[in-house]
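Shown below is the structure under consideration.
As written, the chains take the letters A, B, C and D, and residue 1 is the first residue of each chain.
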Amino acid sequence: MLSIDTQLMPRTAQRATTRRFLLWLLPWSALLIFGLYGAGLCLVEGLNQTNMDNRFAFGLWIFLDLTVIALGAGAFFTGFLLYILKKSELKAVINSAVVIGFVCYSGAVAALLVDVGQPLRFWFTFWHPNVHSMLTEVTFCITCYLTVLFIEYVPIILKNRKLRQIPSFLVFEFELHKLMPVLAGVGTFLSFFHQGSLGGLYGVLRGRPFAFREGLAIWPSTFFLFILSAAAAGPAFILLTTWVVSKISGKQLVRPEVPRLLGRISGILLLPYVLLKSIDTLVWINSTSPARGFAAQQFYAWKPFGAWLLFAEIAVFGLFPALILLRRSLRQRTGWLVFASILVCLEIALNRFVLTIQTLALPTLPFDQFLSYFPSWQETATFLGVVAYGVVTYSLSFRYLTLFPQEKDLS
Amino acid sequence: MEFTRRDLLKFTGGSAAGLMLTPAPWGLLRDSALVSETWPGVPRPAGGEISIRYTTCTLCPAGCGVRARCVNNQPVSLAGVPGQPTGAGALCPIGLLGHHFRFCGNRAHARLANGRVASLESALAGVSAAIRSCGPRESVAILDPQPGRVASLIYRRFLAGLPNGIHCTPSGSQPFGPFGIDLENTRAVVSFGVPVLDGWLSPGRVLANRGHFQLIQVEAAYSRTASLADLWAPVLPGNERDFADAVIRAMHGGAADPSAAKTAAILLRNGPAIAIGGPAADKLNAELGSFGRSGGFLPRRDYMAVTDIAQVPDGAVRVLFIEERTNSQDIAWDDLRRKLGPDAVVVALTPWLDGIARHADYVIPAPMYLESLDEAPTPDGSTVASFSLSPALLAAPANLISPADFFLRVQHSNSTYSDVIKGRVAAIKKDGGGVIHTYADGKSAAVRDVADIWKNMLAGAIWMDTAGARPMGTRRTAESQAARPAPTPTTEFPLLLLAADSPPARGTPLMSKLYRESGLRQSTGAAAINPKTGRDQGLQDGCRATIKTPDATVTVQVVFDPAVMPGAVQMAGQACSAASIRRI
Amino acid sequence: MIGHFIFLGLFYAVLAVIGVTILLSLHRSFSDVRARRAEAIAWQSTFPDLPARERVCRHQFTGEFPDRICDRAFDCRECQTHAALIAKRASESTPAAEKAVVFGLDFPLDRFYHRGHAWAHPEPDGTVTVGLDALGERLVADPETIELPAVGTHIQTNGAAWRVRKRGANVRILSPLDGEVIETGAPENGWYLKVKPDGGQLDARPLLRGAEIRPWITREIERLQASLAPDGQIPGQLPTMADGGVPMDDIAAGYPGVDWDAVCSEIFLQA
Amino acid sequence: MATKTKTARYGMSIDLDRCTGCGACMVACAVENNVPPLPAQATPRTGITWMRVYEISNGQAFPDSRAAFVPILCQQCGKETPCVAVCPQEAVQVDPATGIVDQMPQRCLGCRYCMTACPYHARYFNWWDPRWPPGMETTLNPDVAPRMRGVVEKCNFCHARLHSARERAAAEGRRDLKPGEYVPACAEACPAKAIVFGDLNDPASEVSQLARDATSFRILERLGTEPKIYYRTARPWVREAAAQPRKEPGNA
């Protein structure tokens, strides 16, 4: 039993003892089961199990989806840099990035399936697609990209120590890997689009002047802001996870220049994002919103969603980390790197939160109330279940697969 | 040959591909779609022959005409009858849901004698025994929620046969006595707390005329009517008379407080005007000379004077029969109990177990609206006598007996309620006056033979009097007593508890759902208070609090409403009293 | 409508690309397997996963480089550097010793050594005898099982020549040459396989020989020590008996506590 | 055939000065369209009210407070209809012949994207399995199928009534409906006759005349979605409170 466990691990990797690993898995699996129970209730009993309602038609789950997918963007963007722009230093984290991406996307899809009222009809979208709907774009892209991620995940699995004993597996892995640039290209295309359409999701809501944005052609500005912000957040999240994993496992996983590079990429993307976001906000305040009869300041008159949110989003979690990440001297210091990337991830979460939750909390009818919403335990359970699923999947992958090729020579 | 791993892979891959070619997966998709489209547990509405049937609403005395859309003779929706005289083509929300009453509340099914199921005979025997055992000073009373019906006549006859029978009615159930209101020609209405825009008379009639009368609402509470009236004069309970005097003074050029002055101005500009609701109204009417003139109170023919229950001496009643209608407001039991003697017997003739029946020794289950032949006499406030029937549209459960039939049985009479109603129709024929207005075609025709009238009325028709009533004095006969004066605030009870609009007597499933969701009616669990007063009392908008009155304590959710009179708390279905409020 | 076409067109294009990619790689893999490239490819994709210390270039042993990692999966045939250095070496005469003795282990120099400790010895009759060198023998001495390929099997360079199970270690001995097995031996007769090399004769270019052997083995033994030493301890003793004599015949027996799978994987270049 | 019939643009004009907030419209709507009663656990925000009457106040304190009632139903937006564009599977469509925004519960995925898109909060989700007290199913309207749990629904101007009106017309060999032949339940039930329904394309119809009235306005008109529900009031403060988005701080 124990020997099987060790023989499944990469030979050169020193991992925690089976006992400790199981202890680590225990709470997460418990959480996962709890989440499954909550989700099950929502599927069997119906969405009345949640605290969503006719006014708060979306809730915690949509926030989860948008955030998780933005963080998972590391997968496509690293792939893009590695395979298309040939940034070979990123080989060190690509496997980890793929697993993270896969975890995030599959988690998001799972949450979405619980979120819709008639999960049995999920395929209707493919049957009678309304191509004008951002959600159609999202659905198509996410399903495709999840497939791509799965295909990218396969070779990593096939390289598991036991599986690789079968030469034909290695051969398939080898051949697949030769075609990886194609998949990376497709994946990049898909991700660009659905990161964008996730932004468009709210940007097109002309009925919600708080979220509505003008844009190019059929796409509102949020479409492009989402792409940019996701691309910025992805590397930061990979940096963060890599750091966390190496802290927990007590191993050095990548050479120090790798996180610096990731941080730099993130910073380079974040700065223009913050600038564009500010411009977008100004345009919205001075033109888009007034044109629809809504004075922008009244959106921030509702407690607790005051103007401080806007400031936090743009300055504290946006500009500040961007400046940190762009300073070479600070990038040399792991502490700053990690701190900055935490801020970047929070920035994304905050941005998605404002767009999903605040938009719905604000009344549009002149005589309507401002409504608050707090997720029910079933919702929260499902949320945590997705997180737990992510941690478990990643832990297993980290234990039995080679996520960080450099690790073997660094130990 | 031995089975290698590769064979396994080939096999699984092959079979997966092969499966796609079979109908199985596609069939599965289709079925999943079907399941989701005919979701289990969603009832399929029964189809069937659709018919239109007519009746008259007896949920309240307004007697509006009802057009019922029926499937297999089961009403699925009710609507007003355009051109119908009493209802003016409209129904109130309660009337629209008349066919849902059987799905709410606690229905009385079995006859109960002292809490035990009894046969009709034994119940009758018990009741008769109680009546016989009446002493000389003790009386038998029937509480008649709507006098003026044929049923009321039957009660009368029954009581007449007894040494000391009292035919009484809940206070205020005959607000205008023998008079009707010529609302069609009224230009101003001064209402002392009457919910003119919230269930007064028939909504169709009031709203059809709303455009051409000024409405002055004299009421302390910020009621629906007050909020929509042309002038809201917030006057504390008990001060109505003084207000009336002030108005009269102002009308003669005297000085008065702003709202009285405004009222006077409106009354001077808009005539004819009437005042309604209590003695203050009588005072004003006398001043305005509203009685017996067009646009005021006009007498009508068929008025049945009935004792106000308040007039019945305390402790005098030995046997009390209470008729409860499908939708009658709860009668304050404490007021009734005062009237009862030491070992009194209470007989409830009611469709409900959760109403007055809780206090009754005998419960005689009665049919509810649409379940049995019923009648709609002249509505309150109507200037002409009228009569129409409410034929049964629903099959009634077993064991029910209408209160009228019950008393016929007590008298061992072998005629039935419908026979007696026929008698009324015959009387109409004999009288000869008036016209028969049929609902279906909206046409009016002179009264022909009885059978014809009867047939028409069962199909939906109303007799409208045409003969003008002989003028009676300019005083109304029925005495109405003043509202309880508002208590003065004390240190223990610093606040004044005011009655907000009362919720519908019985919430049918849809009614309670819709009112709850739209918040149109202040829910019984909520108390509205002026923000300033609220803050002085240490409250917050939306917080929970306990309200104490000298005789009760309730927990409520506080709602800040600047429209509420400072120093007052407004709650639905509460009597005016002093109160204190404390945050929980 | 037009939007419909554009959108769905894109979508199906994407699906097509993904599908084609999968099918193509599947097809290629099958043809690889059919063309007996499987083992080679397996080695190709295994090699990068080996720790750097197992991938050092042979010319580092002979001191021609201070520190060089092989990037050709030990296939020196196309390696320019190798070609150049060999050419240089050809000029200087090599001392003709018939065996190298390292820590009392004999390594006959009449044969060629694979980095996975299999040796290939060309016989006059054009066949090649394949065996396990002294260090290898001692690591898997009296194994639980030996799995020799059936006669007629075709073995490939760096592919599994035969398999040995020893104390939880499941070792694939990597083949030093391409060829067809024509006879199988056993540990006691000193060799395991007689192979008829492809192309008639042994292509020894990728294999170690002569002067390379001593430094290589020395290094191998250092690595062995490192992997034998319990974690955290500096490799102290040689893997010998207490008296400091020749390494024992069955090293495993001397180290009951050690994870033998790890040791063998290290020395036999298992992925 | 369909091409020959003249296309209508059905709409409403609601007189806010007549509405007394009695709720008859909501009740009639629920009865007509088989809206189930509320389960005990439901909150006021998880129920279904295709037609919902809001109470608004002039914001004055005692004794100058005044109230008005605003019935809100699907405003049948005619231009860039927010809910139609967003539905991922074409479960929401505008019927070109009537201008009515139709919701197809059979195809609805229940993603509720349309609800977030609707500025009038006039769309409702079936959070619960539709349940009626025992026996009450017999009072359901046979022309309207109850919706299953997990789908969105909203006012469709009593589509069943339009259907049967057309059948009646067809039976009489007419292709077009007479004015007043097709009236939604709410308009029919309003005791104050505050709701006027008709074809906005027909310049002679009462509704289109009222829509052109000076006192007439539409809610959130500046969103540019061309709603087909018009409101009327002579009271300036009502117009002020109902027509434009509020400018003053919300709950601050």
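Following the convention adopted for this analysis, a contact is a pair of C-beta atoms (placed from the backbone, for glycine too) under 8 Å apart; a residue touches a chain by one contact, two chains touch by 3 or more.
Just so it is clear, the model here is predicted, and its values are computed rather than measured.
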| item | value |
| --- | --- |
| Pair of chains joined by more contacts [C-beta pairs], A-C or A-B | A-C |
| Most remote chain, CA-based centroid, reference being chain B | C |
| Chain A and chain B: spacing of chain centres that average the CA atoms, whole Å | 59 |
| Separation of chain A from chain C, taking each centre as the mean of its C-alpha atoms, in whole Å | 43 |
| Inter-centroid spacing, chain C versus chain B (mean Cα positions, whole Å) | 98 |
| Cα-centroid distance, chain B relative to chain D, in whole angstrom | 29 |
| Two or more partner chains touched - positions in chain A | 118, 121, 124, 129, 132, 136, 168 |
| Overlap residues in chain D, where contacts from two or more other chains coincide | 45, 47, 54, 129, 148-150 |
| Multi-chain contact sites of chain B, meaning residues that touch two or more partners | 36 |
| Which chain pairs touch, all of them | A-B, A-C, A-D, B-D |
| Chain B-facing residues of chain A, complex | 118, 120-121, 123-124, 166, 168 |
| Chain D-facing residues of chain B, complex | 36-39, 41-48, 50, 71, 74-80, 90-93, 96-97, 99-100, 102-104, 197-198, 203-204, 207-208, 210, 222, 224, 227-228, 232, 234, 259, 509-520, 530, 562-566 |
| Sites on chain C touched by chain A in the complex | 3-4, 6-8, 11, 14-15, 17-18, 21-22, 24-26, 28-29, 32-33, 37-39, 41-42, 44-46, 48-53, 159, 168, 231, 259, 261-262, 265, 270-271 |
| Residue ranges of chain B in contact with chain A within the complex | 5-6, 29, 32-33, 35-36 |
| In the complex with chain C, residue positions of chain A that touch it | 3, 6-7, 10-12, 14, 129, 131-132, 136-137, 140, 144, 147-148, 151, 159, 161, 164, 167-168, 170-179, 182-183, 186, 189-190, 402, 405, 408-409 |
